[in-house]
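Okay, so chain A shows up in both of these, paired with chain B first and chain C after.
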Partner chain A sequence: MVRPTKFEIREHATEPALKLSVTGELDMNTVELLARHVERSLADGPRALRLDLAELGFMDSSGLRFLIDLYDRSRREDWELSIVRPHDEAATMVLRATGADTALPFEPDGSS
Partner chain B sequence: MAPTLTEQILDRAPDAVVSMDQGGRVTYWNPRAEEVFGVRCEDALGRTVAELIIPDRHRAAHIAGLERFLADGTGPLLQRRLEIEALRADGAEFPVELTVSAVRDGDGWNFHAFVVDLSARKETEQQRDLLVEELRVALEGSERRFETVVGSFSDPVTIRDRQDRIVYANRAALETLGFDSLEQLRSTPPGDIMADYVVSGEDGRPIAMEDIPSVRIHRGLQAEPLLIRTIHRQTGAQRWQLLKSAPLLTSAGEIEVTITVIENVTEQKRAERQNVFLAQVSAELASSLDYEQTLRKVAQLAVPDVVDWCAVDLLDEDGDRRPVAVAHADPKRLKLAEELRNYEQTRLNPNEGIGLVFRTGRPVLYPRIPDEMLVRTASDERHLELLREVGLRSAAVVPMSAGNRILGAMTLVNAESGRVLDDFDLKLAQQVADRAAVAIENARLYSERSSIAHTLQQSLLPEQLPQIPGFELASVYIPAFESTEVGGDFYDVWELEDGWMLIIGDVTGKGIEAAALTSLVRHTMRAASEFESSPAALLARVDGILKKQRARSICTALCMRLFEDRALLAAGGHPLPLRVSSRGVTRVGDHGPLLGGFSDVNWQDTTVELEPDSILVAYTDGVTDAIGADGTRYGLQRLCDTLAQFRGRSATEVIEGLTVALGEFQIGSHADDTAALVLRRRGPWNPERDQQDASEAENLAVTE
Partner chain C sequence: MSVSSETQPHDEKSVLELELDHNREAPSLARAAIAGFSENRDLDAATLATLTLLVSEVVTNAVIHPDVEPPGAIRLAARIAQGRIRVEVTDEGSGFTPQPRDPARSDRGYGLFLLEHQASAWGVERQSGNTVWFELSV
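== the complex of A and B ==
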């Protein structure tokens, strides 16, 4: 709230899947930006989405909640979501501590 | 507080409005400013006012002035109208009229400048100078010819001789001065004409005969055009007039007479002052949620420029009047008002003044208050004496209302200035009252929400931590700084047949939904703990219930079942607790999935030994996610380092130490809720036992 968080989303149109690369910190301040971006990308009808979190520097519980919601939605709307694991230790820690690392559709290491 | 109220007004202002921060950088640039300076808002924001609109030669003075204001609070430019040149984007300079006000914003200052483009007005003035020049030529011919030129001229024109007598006035001037014929005017001594008016300058200071430009010229002094405000003592009518005079010389070069053109700028001046005043009011109202304080400042802004007295009364829930502000430029006269208001408070006439406005919700205007009215209103001799002493001349009361509800009233009174309040003033007062009403309503809603949130939050945490035999317990809960929302962190401690249960958790989300979810989780755990002895099983129960909720409901929780010398614990997506013992700080337990989020999941119980004097610290991610001044997060390593310093201390000392360390680390307030629960097993150190456990310990020396 007090300081601007470093955050950036880059979009790569790699058919058939759309790829979004997220760098910076995914927290309660920035999660809304990502949500809106994803919403726009999915507006034309569900398609495959590849969310690249490799360069993510931090993720808090609001970021995690977003991922869970997005995964739920992909299954409901029947499109494919895949997530590239963050390299960052703290972000990895959140995924491991919550069981999200096994429950969410992460790509096997080295596939990105 | 949203700036929308101010910005809405400023966006539509007929004048250019430019705001800057105390570094001199543009923070606001309204559409009119785009036109006037030829710079678009997005290009102006963040650049300095100095480089954008101030010509080279004034730049140093601008920067020095700003520095001086920040250093000692004095500003020669503040709240004064100033004519100066400004710079356009194309490099051209043009004349502007400038008013600057300073508004405190937290630790810093914001400055708002209202800029009127004078280019067009200057041109008119030049034409008027030409006219005076022509008149001078005309007068050198015959008086008849002069009358032909000037007589029907719509602006008042007067000629004054060396004895300060007005020897000529055209029809417009006669009308303005209130005379039927030139003869009548000529036979009136000049001092008497002036004595019919209260005359003041732009800054409110009185203007004497010697200050009038035509009189100054006869004294051989410089005579700049003079803007005056006149208030007719009898009628209370007020006018703004710009006096421009020029000498008419004899062939010998001596000053024979002076000719004066009087421009009536009343409408223009009142509109200008209204804009500046409203903008100041809006900025003030938007600056704080303490509306009583703000209303006092607004009343203060109104005097003496707009009105002599300004008072604000609120109508409370019981229908009683509560005075919150009364302002007058002279503090000595304020005492009168205080005494007077005691009278009025005891007797609020429902058919008069504030009483009437409270009853009907409609504004009332008393353009003139005759003495009979004072006699009628007064409740006793002293009251009448006071009313007469104030010198009530004209009054207006406008309601402050939100929808159909009347929140209060604003009272404007003119006394010693002799001004009569008219529809224009009433409209202005109503605009101020409307803005004030919105501010009051916002502040009330905000404080209501805050107090609901606070109450709800209280109900989600245990009122008091229980006493657990053989243990010490302490906790801290720091809500996120936006206090109108209920946070998502919770903890609870309760007794079972054969021990105690401690939980701490975090539901994602905020507000009423989060509160409902927290309540659900706590009650499910409490109820299930009656027959389910394993923490892992408890988490599974909650997980099942959360998955049945209609709205997505996920939460993290740490569940600890406490026995005499050990705890059985299970974590559902929650940070693992830290144990502080003679062997250092170690993380204990195993990670399990968060609750309500995933299918086909299960949890494990882990046994944690608690030797005497060891401490178990459970916390929410608000602790480790706290952001420091350098942008880094507090993190697990810092938390461990801090806790290591409190080894062997009481639970309360640990909580206090952690709170202080977090406070020192963070910039500003907590962005997220933060909760921590500290449990200490009482008793002396037991070195032998410590030695024995050392081999199993997982030392937490590095971050994971």
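== the complex of A and C ==
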């Protein structure tokens, strides 16, 4: 039953915002992959970033902490972060339980 | 990576015991094991999501903040009885005396917050390692 954590990041070179679609499970292990990917994406200068978590299957507070830090950074560096809300209960639970579902820049439901 | 799972013969599938290597894959493996353990038990989606989240948080804490040096295996145990599921996550020592977790350690952050708010009950016990346990009504 040993298996790597399911995780995938797809990059869409959309304008004006760069869009990253994240699928699988976001935890202490996979959040490092996402952090590195985002870091590379922002290396050429801040630009709007759209993080699509719609198909995310799980997230815990490791993922939540990353989202909060990224949102803080976007405000500090003055670029826009928007997040597409996950559908799966196993991914939304940590957001609801901490109140982050109203504190982070989630797009209104149905806008995609 | 060594992962073993066994059920108790006297009460089939009501007990899960799993030993996880101390690394960053441990939370994922623990979640997979709990998902398997929870199958066919009529848990609703919200309860299952809470259970999975809390398991991930407690195992993550054990990986980030080992109570013993060098860190040994992480033991995950779960059992279900009388409408409650109880999960225990233990840092195994390697012959060293475990130090109690410091409740004031603030960098444990959300994991502790989530336990406090989502579990029916939770606590920390010091036995042959340090155990963080929680219970959920199911």
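In this section, the second predicted complex is superposed on the first by the 109 of 112 C-alpha atoms of A that agree within 3 Å, B and C clash if a C-alpha of one lies under 4 Å from a C-alpha of the other, contacts with A are read in each partner's own complex, and residues count from 1 in each chain.
One rule holds in what follows: contacts are C-beta pairs under 8 Å (C-beta built on N, C-alpha and C of every residue); 3 or more make two chains touch, one makes a residue touch a chain.
Note that this is a predicted model, so its numbers are computed, not measured.
Legend: residue contacts after superposition of the two complexes on their common chain; A:48 is shown touching neither chain B nor chain C. Within the superposed three-chain model, A:17 lies out of touch with both chain B and chain C [touch as defined at top].
Of the two partner chains placed by the overlay, neither chain B nor chain C lies in contact with A:35. Shared-chain residue A:89: touches chain B and chain C both.
Touch criterion met: A:99 reaches chain B, while chain C stays clear of it. By the touch criterion defined above, A:69 reaches chain B but does not reach chain C. Once the two complexes are overlaid on the shared chain, A:61 sits against chain B and chain C alike.
In the superposition on chain A, the residues of chain A contacting both chain B and chain C are 1-3, 27-29, 58, 60-62, 64-65, 89-90, 93-94, 97-98. Listing the residues of chain A that touch chain C in their complex gives 1-5, 25, 27-29, 32, 58, 60-62, 64-65, 89-90, 92-94, 97-98. Interface of chain B with chain A (complex): residues 481-482, 506, 508-509, 552, 554, 556, 571, 573-576, 591-594, 597-599, 601, 621, 625, 627, 631, 633, 635, 667-669, 671-672, 703-704. Listed in rising order, the residues of chain C touching chain A in the complex are 1, 3, 5, 24-25, 27-29, 31-33, 45-46, 48-50, 52-53, 56-57, 60, 63-64, 109-111, 113-114, 117-118. Of all residues in chain A, those touching chain B in their complex are 1-3, 27-29, 58, 60-62, 64-65, 68-69, 72, 89-90, 93-94, 96-100, 102-103.
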